[in-house]
Amino acid sequence: MGTQAYYLPKSVDEAVDLLAEYGPDLMVMAGGTLAMPLINEGISMPERVMGLRRAGMDGIERVNGSLRIGATTTLSHLEIQSGLPLLAEAARAVGGWAVRNMATAAGNLFAPPPAGDFATALLALDAEIQLVSKKGKRSVKVSDFYTGFLTTALSQDELVSEIVVKVPDGRTAYLKYGRRHANTPSIVTVALVIGFSEKEVTTARIALGGVGPYPLRAHSAEAYLIGKSIDPNVLSRVKDLALEECEPFTDAIASEWYRRRMIPVILGRAFDQITG
Amino acid sequence: MLAEKLHVVGQSVARRDGLGHVTGKTVYVDDINFKDMLHLKMVRSPVPHAMVKGIDFTRAERVPGYVRAFTHKDVPKNIYTILCLIGVGPDEEPVLAVDRVLYQGEPIAAIVAETEEAAIEAVSKVNLELEELPAVFDVEEALQPGAPILKPWGANYFIYEGHHCRRVRFGDVEKAFQEADFIVEDKYQTTPIEHAPTETTGCVARPEPDGRITVYTNTQALFFTLDNTALILQIPFQKLHFVGGTVGGGFGGKVDVIVEPIATLAAMRTNRPVKYVFSRQEEMQCSSSRAAWRMYFKDGVMKDGRIIARQITSYSDSGAYNRHSPYAVTKHAANVAGPYRIPNVWIDAYCVYTNRQPASAMRGFGVTPASFAIEMQMDKIAQVVSLDPWAIRFINAYRNGDMKPHRKIVEDATLIEVMQAAAKMVGHELPEKFSRMSSWDGKEN
Amino acid sequence: MAKKRGVGIAAVNYPTGMNLGGDPSQALIHATTTGNFVITLSSTDLGQGLKTVIAQIGAEALGVPFENVMIDTADTDTGPHCMGTFASRATHRVGNAVIQAAQEARKVMIEVAAEELEANPEDLVTEGDGFIKVKGSPDRKIHIVDVALAAHFKYGRTISGRGMYMKPKSEVDPETGKMDPDSTEAHACTVAEVEVDTETGEVTVLSLKSAYEIGRQVNPTLVEGQIRGGSVMGMAHALYESIQPYYPLVEHMPSGFSEYVLPGPMELPEIESVVLEYPSVNGPFGVKGIGEMTANSPIPAIAIAIANAIGVRITEIPITPEKILRALEEKGSKEG
Amino acid sequence: MTAKIVTFKLNSRLVDVVAKPLTTLQTVLREHLGYTATKAGCRQGGCGSCSVLVNGEPMLSCLLPVEDVEGMEVTTLEGLTLDGQLHPLQESFFEEFAIQCGYCTPGMIVVGKALLDRNPHPDRHEIVLALTGNYCRCTGYEPIIRAIQKASMRAINEPSSEKGS
């Protein structure tokens, strides 16, 4: 049969209408870097596809100390224009140049692990995802977005329209560890936002990618860190707690064994960026 | 060194194909398209070892653009071995599986369709009835009693003139082991590696008005592929015309004669041009790889560093079928003792079948794993006898005039000279006895 | 974070030509009346530069300018047989065949020139500039286009030649392994320097410095291209590549370049090489084959350098960060 | 299934193509229009051999539905030699032997052009970063890096030799 229809809506409203009409039978695609390889290989054979490149959903807006990132803003654009080092580094960590010119901020939320390096940074920034459907809008925190491997809080009739990021209230660090130093699949990715009052940690968000069914927050490690000043003993406990919260897996890139060993190491190195 | 004065040999003249490459005008196989061309895609085994109980094309036939399917019944000489051209046998690989598959990705049926998408979709709609069998993946397990037997001759190894393996026997290793000051042993293992050329393997077969078939191909070996194609299809050689010569990277991955026979058959049966180009996934997972080797070394060494005996047992993990592996194992046996003068050598090199995709030729095959093992072993010996890594190699380096374990007199040895040059490059000062040594200094040591 | 450095050396030999021989190649040469010398083959260029080096060998052997030599390959209707491009054989085999063909063609070219110049054929020389000259009398010369025209229109002769090279097939004695597996052997020695991060097991190859001896270099920049490309392939084999990452298991086979991770331009070591030239006994102008061998010495050199850095010998490639960590843990538990 | 007419600018020329839904720019270039310089090394977005410029930005034509480039400007390797002269990058790739099999070359040169267009004098690290999405099995990358360096020097020394679109 092949693909019967490819829709290129010119607005969010039009996109949402199409989604309402076709529901789960409509494959939604932004940059195409995740969907098109599967379609080219015949692994995925969607009858109807909607592309969002012309839906006017891209762009970065600064509003009251927040960054409103349009869903289809490309990673290249974010690399240069976001103004937030954490986001810029995370964007740069994805793929090669041409991929970043196509891949989008919202698309990365749907990248199966070990991909999802940008989403990991969004998680550390406690970003809010704006969802839109014909019924209206709602927002959900990135930390509440993932429900399992390749499953999210997104309903069948919803689209991600925007991602809202508050300018972080602390120091940030981003460290992606893979076999290569660029354009590499992740073994472990760490994104940190740590707020201090003097030496004492007041806020802590530890996001980890490549180590579970989706990018995840090390909540118990974060909770432990609050009120402490970071020293080797504290850090050691943070690493242990974070490791307990991960569900590392084996793939072509690294084994579960190796990922497990790298989680504390890479986490420690990311913290070195915060304290160093 | 070089005396003769030459004019253009020795000059870095510009590449003949360079302008074509930088302008994109060079024509590669996948750049060839004909208006009425069909596309061929393969139905492949999803499991490493199974009996094929049935194939049902009913749903595939309903895909718009489907033209026809081919199974083993359509291939005149379905069971072949490419090295039959240099006398290697028996035939053992099916072009399309008959009743059994021996590796994940093994071709079972070919489908041609009007478009590539239709061919891909039709392949996805073929129902295979398979009965899975226990598989064997380890070369030594494959040789154990009770292992699933993969070959009609009742064994999981290639038979070399009545022997289980390719043998080299030179001197008396057992006697030398008794005389040696040290015995140095180790096990070395390599892994299956993908050639990964940027251009995948492929061809276009086109029927001509005179009844012949022109095959545009990126094979590394044009006549070799033509000859095998004619033999498999049982057609006169003159019916085929192969055109190629421009390859987007080979590394040994494009000498297997895999795409041409079935594409040519499809072109003959449909009387239309047929393109069969591997997807990247097929290139990675189904096409042949570099063989993984397991090599056991046992060396007898004297206190002064001289190696007086070397015993090697090697296993080539050749995957499910021969391809070029029986040849590679002989090449390995000829080279695995290394560029060193060792008076007693004993080699058993096995070509072993397992349930993985066939191994085949790849840049340096048989020798690349050997060089890895030999040099790791030299390093270990140096530690055992407390010599530096340069000394151990100079002390044992072979000379012109030496006899190698396979009984050929060495003619063009320059191991000593490259080591001297490398030492100079890295600023390592060699003791005079090594810096004055020469590959032509005969038997003295 | 501890980083440890190590150095490793490896020296290798590599055979030229198909093991046991029996792998012929032919070449045909003819001159057009426009002074092109067309070399017809059915040999393939995989990117190594066969079309270039064969034109160089042909031009040298004919004594005509490189620009006048055309390579016509590969077509089984027009080109004579070639066994194929593999086994480091193409330059050696096809080059020898081209020299033989060139000698036959050159003989006619010189004879026709001798007639035109009213000189003895033995007194004629070529210097690759397009002219055939009388030795010692630089003014007495004729251009190859004029020779080609004269041969065809005046003397009714073809300037053409046939060439073939075959090392006869040798058999293996199944008892002793006695065989003749090569035509000549090339050699290389690589010194690798690595740095190992003992916390992650990550290896950085700092440098690969190699000395090669490959007989005569036909085109030094193409040779350097083989050495560079092979060095990076060797590094990839040593540290990264496996189509079955958990060999001998077949699970987790990579399906593309996002899973089959190879070193990229960020991971390049410093690569340096020198090339020695000791002409081989039987290669064209002393050539030996270099195509395949360039990954072979970097692999053990890197593996040995890692052992030198961390004090544990890992005898299984690829030496992944995981294998290094496991080896270090095992060493630690033994020592601990 | 409705095929659509898509209009875009290809190498400074307006083209109309009729394409079935979700046909990639790569397929249109290679199969419909015969612009085969753009290669199809993997069709997974993993090798970069299909790189083209869309409004000056490198993109992977294998992942790009042609309808997405409606009205845009697409540049392929063929577009660098519109006046019959080699682009400085093509000259330097040729001179520096930055090619072996040639299959990655179109993608490398196209990405190199995008880099030099926005940064005429990149340092080595910037060149390396630009190339990380482009795969080469033959050369070991160094000659390619050098060729781009050389082209950028040439652009400094011979500003009039800037060619292509």
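For clarity, chains are labelled A, B, C and D in written order, and residue numbers in each chain start from 1.
Just so it is clear, a residue touches a chain if its C-beta (ideal position, glycine included) is under 8 Å from a C-beta of that chain, and two chains touch if they have at least 3 such contacts.
In this text the structure is predicted, and so the values were computed from the model without any measurement.
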Comparing A-B with A-C, the one with more C-beta contacts is A-C
By Cα centroid distance, the chain farthest from subunit D is B
The distance between the C-alpha centres of subunit A and subunit B, rounded to whole Å, is 42
In whole angstrom, the CA-centroid distance of subunit A from subunit C equals 47
Whole-angstrom distance, CA centroid of subunit C to CA centroid of subunit D, is 30
So subunit D residues touching two or more other chains come to 42-47, 97, 99-103, 129, 131-132, 135, 137-138
Among all residues of subunit C, those touching at least two other chains are 46-47, 49, 221-222, 230, 233, 253-258, 260, 262, 264, 266
Multi-chain contacts in subunit A, i.e. residues touching at least two other chains, fall at 2, 37, 41, 180, 182-183
Among line, ring, star, complete and other, the chain touch graph is complete
Note: in the complex, subunit C contacts subunit D through residues 46-49, 221-222, 224-225, 228-233, 255-258, 262, 264-266, 268, 271
Residue positions on subunit A within touch of subunit B in the complex are 1-2, 41-42, 45
In the complex, subunit B touches subunit D at residues 12, 14-15, 17-28, 30-31, 33, 195-200, 247-251, 279-281
In their shared complex, subunit C is touched by residues of subunit A numbered 37, 177-185, 250-255, 257-258, 261-262, 265-266, 269
Residue set of subunit B touching subunit C in the complex reads 1-2, 4, 6-17, 48, 86, 104, 137-139, 160-163, 166-170, 186-194, 196, 219-224, 226, 240-252, 254-255, 280-281, 284-285, 289, 292, 317, 327, 330-331, 333-335, 338-339, 347, 354-357, 361, 363-364, 366-368, 371-372, 374-376, 379-380, 389-390, 393, 397-398, 405-408, 410-415, 417-422, 425-426, 428
